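Per-chain residue numbering starts at 1, and chain names A, B, C, D, E and F are given in the order in which the chains are listed.
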Amino acid sequence: MRPSGRAPDALRSVRLDVNVSKYAEGSCLAVFGDTQVLCLATVEEKVPPFLRNSGKGWITAEYGMLPRATNERMEREAAKGKQSGRTQEIQRLIGRSLRAVIDLGGFGERQIRLDCDVIQADGGTRTAAITGSYVALHIAFAHMRKLGAMPAMPLKDHVAAISCGIFQGTPVLDLDYAEDSNADADANFVLTGAGQIVEIQGTAEKKAFTEAEFHQLFQLARTGIGQLVELQREAIKKAG
Amino acid sequence: MRPSGRAPDALRSVRLDVNVSKYAEGSCLAVFGDTQVLCLATVEEKVPPFLRNSGKGWITAEYGMLPRATNERMEREAAKGKQSGRTQEIQRLIGRSLRAVIDLGGFGERQIRLDCDVIQADGGTRTAAITGSYVALHIAFAHMRKLGAMPAMPLKDHVAAISCGIFQGTPVLDLDYAEDSNADADANFVLTGAGQIVEIQGTAEKKAFTEAEFHQLFQLARTGIGQLVELQREAIKKAG
Amino acid sequence: MRPSGRAPDALRSVRLDVNVSKYAEGSCLAVFGDTQVLCLATVEEKVPPFLRNSGKGWITAEYGMLPRATNERMEREAAKGKQSGRTQEIQRLIGRSLRAVIDLGGFGERQIRLDCDVIQADGGTRTAAITGSYVALHIAFAHMRKLGAMPAMPLKDHVAAISCGIFQGTPVLDLDYAEDSNADADANFVLTGAGQIVEIQGTAEKKAFTEAEFHQLFQLARTGIGQLVELQREAIKKAG
Amino acid sequence: MRPSGRAPDALRSVRLDVNVSKYAEGSCLAVFGDTQVLCLATVEEKVPPFLRNSGKGWITAEYGMLPRATNERMEREAAKGKQSGRTQEIQRLIGRSLRAVIDLGGFGERQIRLDCDVIQADGGTRTAAITGSYVALHIAFAHMRKLGAMPAMPLKDHVAAISCGIFQGTPVLDLDYAEDSNADADANFVLTGAGQIVEIQGTAEKKAFTEAEFHQLFQLARTGIGQLVELQREAIKKAG
Amino acid sequence: MRPSGRAPDALRSVRLDVNVSKYAEGSCLAVFGDTQVLCLATVEEKVPPFLRNSGKGWITAEYGMLPRATNERMEREAAKGKQSGRTQEIQRLIGRSLRAVIDLGGFGERQIRLDCDVIQADGGTRTAAITGSYVALHIAFAHMRKLGAMPAMPLKDHVAAISCGIFQGTPVLDLDYAEDSNADADANFVLTGAGQIVEIQGTAEKKAFTEAEFHQLFQLARTGIGQLVELQREAIKKAG
Amino acid sequence: MRPSGRAPDALRSVRLDVNVSKYAEGSCLAVFGDTQVLCLATVEEKVPPFLRNSGKGWITAEYGMLPRATNERMEREAAKGKQSGRTQEIQRLIGRSLRAVIDLGGFGERQIRLDCDVIQADGGTRTAAITGSYVALHIAFAHMRKLGAMPAMPLKDHVAAISCGIFQGTPVLDLDYAEDSNADADANFVLTGAGQIVEIQGTAEKKAFTEAEFHQLFQLARTGIGQLVELQREAIKKAG
């Protein structure tokens, strides 16, 4: 029995609210149950040094948590003077995941920066950030295209992400914090709309797990990501 | 004529939404027009070293802006590895302002930390932070009192804040960004519910101004703060 | 009765010693009783990025305290690896105050940097820094003018500063540390030679104060600043 | 055809040299072709704060690269003043992997710190670090046991790691740098001696890949890790 | 011919002004020509961790330069966020030099911290700092002794320092900046009152030099340090 | 009697292994008994800003210790976020020492960076680093010359270094850690192949020492450095 009463293969209630920022070129508030991640896309008219004069653009991401986004307040990273290893790991993952479905040669020498800020956290913030960032990025590209910045949308496919885990011996989809903090193992899956693998991160938390269990987690993830891609489509449509 | 079409003595549309966090002991989202500041109060069961064994508590504040809270994206302070002088100046101001109306001897050796995070900025973020933090703090104290942590509420009065400025020669109340960035002078006023001075910061932006002009700004501030205190009362009532 | 035996409206003994540095283009040691602040002006032949090709110059300030400038030794900021919020707040104030009386278009694309270093502190270091920096800046401009760098002095007026406070119920001028650390409220005033407001910072330390009290502090400040401007005139004359 | 001429399922020449340090309680130089990682285990008689009085120990890891371990010199992290996101990600991975096969309750309130320093890098440094660290850790435990610090070895199983990838369309084992920098996808596998999963990290580098391809990488990894576990056994035996 | 017109074996005009601080337990302004170093001794009632419960005290030093102490303004170390290698090298040298003549067992578990701040620099700041710090330290010990903190002065001998160098082929004493920046070689000597060696640092600046030249520099240093020790005696006597 | 049983004027067993890196343009592993320092030379096709358009090159050095290079593990400098004063002092010394024998005008506007990383430490790491870096630098120059980057080798002479000290009253050559940590005094000598002085650093550790003792240390150093220069010659010859 899951603490939330959900079925093993049930997502939390998910919302992808678009156009939530007065300023950002693309914006999406990704809500997975009590988890809220604000994803804002900023278009910058220059690229990092290693891409200058390459004709290519770049996608990068930054991730942060408000200090009291969690039950126990965490020290503010700006006050500590550095980002934790966890923060850096997550923002690298978001950037890689988005770049996997983008034609970097298709939007000129520009950088799009995704700011993923966790307003409230209840598990699954990195996967919510990827799922919401795709929507914000899509809106930003559509905005640029309207301005004539490029002839076609440089997106090759959707990308979305979800976590799965083994909780009290049962493989379950979309862990919330109560499950995540007690899981035997968990895995984050980042898949394309076509179901191909962009990134897989599986970790034994309490004990090593078998290939068969891993396979079960994978199938749960497929189911969930299929639903998320559908929600992305609706959100993009709504954004106009 | 103000860019927003407001009368010189008109506040923007103000909302103080309470209980917006699943975790914080007190919470308030302060909305002044397009400015949104999330104020979360965290109760900590220990005090800074200089107050140990004093029987007194402490109130402190931290302030941050999401990188794309503004029209031009700012670099993330956690990524830069330090908080700007502006950030530190503001969080010191918020802390001082709240402590001025609190009986520090009235809630034990605890620290209450106010996290004021600007989700969107359109001028007046520091005054919104003070006004909203008072509400979050009040809710946190009420929560502690219900738990039996103290016999009485340690709040001596309300505290609220507003900015005023001289815009195109006219003194106006509650500057938005379009006004703030072009004001001849501006001043932030922090007053108690009884109308006494907690903090005044007046700055000539384009040219020095007269004592008579300063007096006019002060009277505008009194009017605005009177309305804010009323909104605080309603918010606290709604919070239960 | 003030600890120093001064009358409520009496400044401490003030000296503005000029040409105290072998290297700086302008220099002034501002001495207010036991407070000593060395103010050195450095002329730099380039401006910050935001002013390049604008035809305008810039004035900025840095502030520091020697570790044992105070009764209790403070940790050296260079050793801690960062400047405190207080330091940054003060150096921003000094820069703003000086810029308010300067024609930034009148001395070319140059930056003048004021280093204000507190050799010994007994209250009022930020106001001494402003008052002395004006003199150092004037001397630096005169030096540049002799070299033919500009046709006229780009100074629109004097600027000087003083603190006032309510000590044991009485408004007093020019707080020393013994008063400052026990004041009910204090306020720093930065005024022009013509008596207009450049900056006002009033803070309730022990309790909120009234508009009438604030008015009394303002009048004390006017008196003191009038005397300081006279001392600035003499110092500049002596500097030649 | 692989640049090295190896068969798709062939490891590089691997050596796990033991007792290479005069000081460390356990040491192993892991050599995979031209990749050399020095793994030193240090036993500390105290645990991190969150484990005090828990009766449990902790295993942690640090990772570094000499600046010219690579073809292009990288800036020294100590000189830059911070560890990169990549470094932090890797050292977190090493620590998690080792903890997965250790009984943390079996060696008292001690911390064992694994320093994994890359002397020369030619791909696969993180997997070499895990494989070598297991040996260093085993030697350190044996050393502690001889001193009577614990009644039994607290190791539940072996742990070893290897990378696989899709290079020019073919799944291959144990990528060297020439392959790694041109792979379509790669994956790091951390498995126990019994073949269970401790950690999986799969990443699409050039394009998303299929579940079938992922399965092929997994089977290659099993083969390689089986051989590595055998080499670990020999190394431990030799260490005595 | 030296730029200053001094004879090869002539010190600059040297002054060791005592009791120049209102707060420090010992103070000395060391003036060597245009070089001015303020040396303030602070007595702290605790020692660094490695000396706790040892019955011994510690002497340490910090060194800083005001940004415009030199002809070209240097960036403020507190603003840069770190102390340069040069600064750290100098403060380590000052601490070692003083500890060499102190009985660390003779003043209880206390730390004396010497803050050496360069107000103006014209060569020889580190040697002026050592020479002046000895005086400040002596005064601080005398102060402590008067308070009954220890039965006897824990100073075994004087320590003083001077630089020498080969300037245009000639060995000269007490380099000023004009000489120092063009010397073929220079050396700093730290000697006791009895003429024994505490520290020698010799460096070839433009070309390697011979043992015979080194010997000449040594003899010049002896002469200069003899005079400095005499000036220290007078200063201490004057301090009372 | 020395702990190692060596005669007072005996070096430890010294090896200078060349071409130990797959990537560096010049490499030497300097082994002095149990001390091992890896010296890698990297040729960079640009110079620091102060040398741009000067036609001159630059030589610089960085120094680091693996955390468990010593008996007591030291905190990793990259993790602490800064290099210690000791580290900076040593890397400045290495750079100065090498530059003293190089014609900086003889290899174009290039920078050669020497990375000196201590794999294992048993005293004398800075002198081993200088001695080994000379060899690595020589190999890098020979490599550049083969590529036609310059007409002649820009080396004016050898440079090598050794420490000496007074141990239990006796002057001895090439201190190991057991001696170094108990020496009354020690001194590092950096001499050219012709026996001239590049750098001397003498320090009283336990008590001040005499000029006669210093002279004895100097003569020991001469002997040792003569042997080291011979070993450098052999190593360079072997490198081809």
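Note that a contact is a pair of C-beta atoms (placed from the backbone, for glycine too) under 8 Å apart; a residue touches a chain by one contact, two chains touch by 3 or more.
Just so we're on the same page, UniProt names per chain: A, B, C, D, E, F = Ribonuclease PH.
Nothing here was measured: the structure is a model prediction, and the numbers come from that model.
Within the contact network of the assembly, the step distance from chain A (Ribonuclease PH) to chain E (Ribonuclease PH) comes to 3.
Averaging C-alpha coordinates per chain places the centre of chain C (Ribonuclease PH) 33 Å away from that of chain E (Ribonuclease PH). Chain B (Ribonuclease PH) and chain F (Ribonuclease PH) have centres, each the mean of its CA atoms, that are 59 Å apart. Averaged C-alpha coordinates put the centre of chain E (Ribonuclease PH) at 28 Å from the centre of chain F (Ribonuclease PH). Each of residues 81-82 in chain B (Ribonuclease PH) touches at least two other chains.
Listed in ring order from chain A (Ribonuclease PH), with chain B (Ribonuclease PH) immediately after it, the chains are A, B, C, E, F, D.
Here chain F (Ribonuclease PH) touches chain E (Ribonuclease PH) in the complex through residues 82, 84-86, 88-89, 91-92, 96, 100-101, 157, 185, 187, 191-192, 194, 196-204, 207-211, 213-214, 218, going by the rule given at the top.
Against chain B (Ribonuclease PH), the residues of chain A (Ribonuclease PH) that register as touching in their complex are 21-24, 34, 38, 40, 42, 44, 62, 64, 66-71, 73, 76-83, 87, 113, 115, 117, 119-120, 122.
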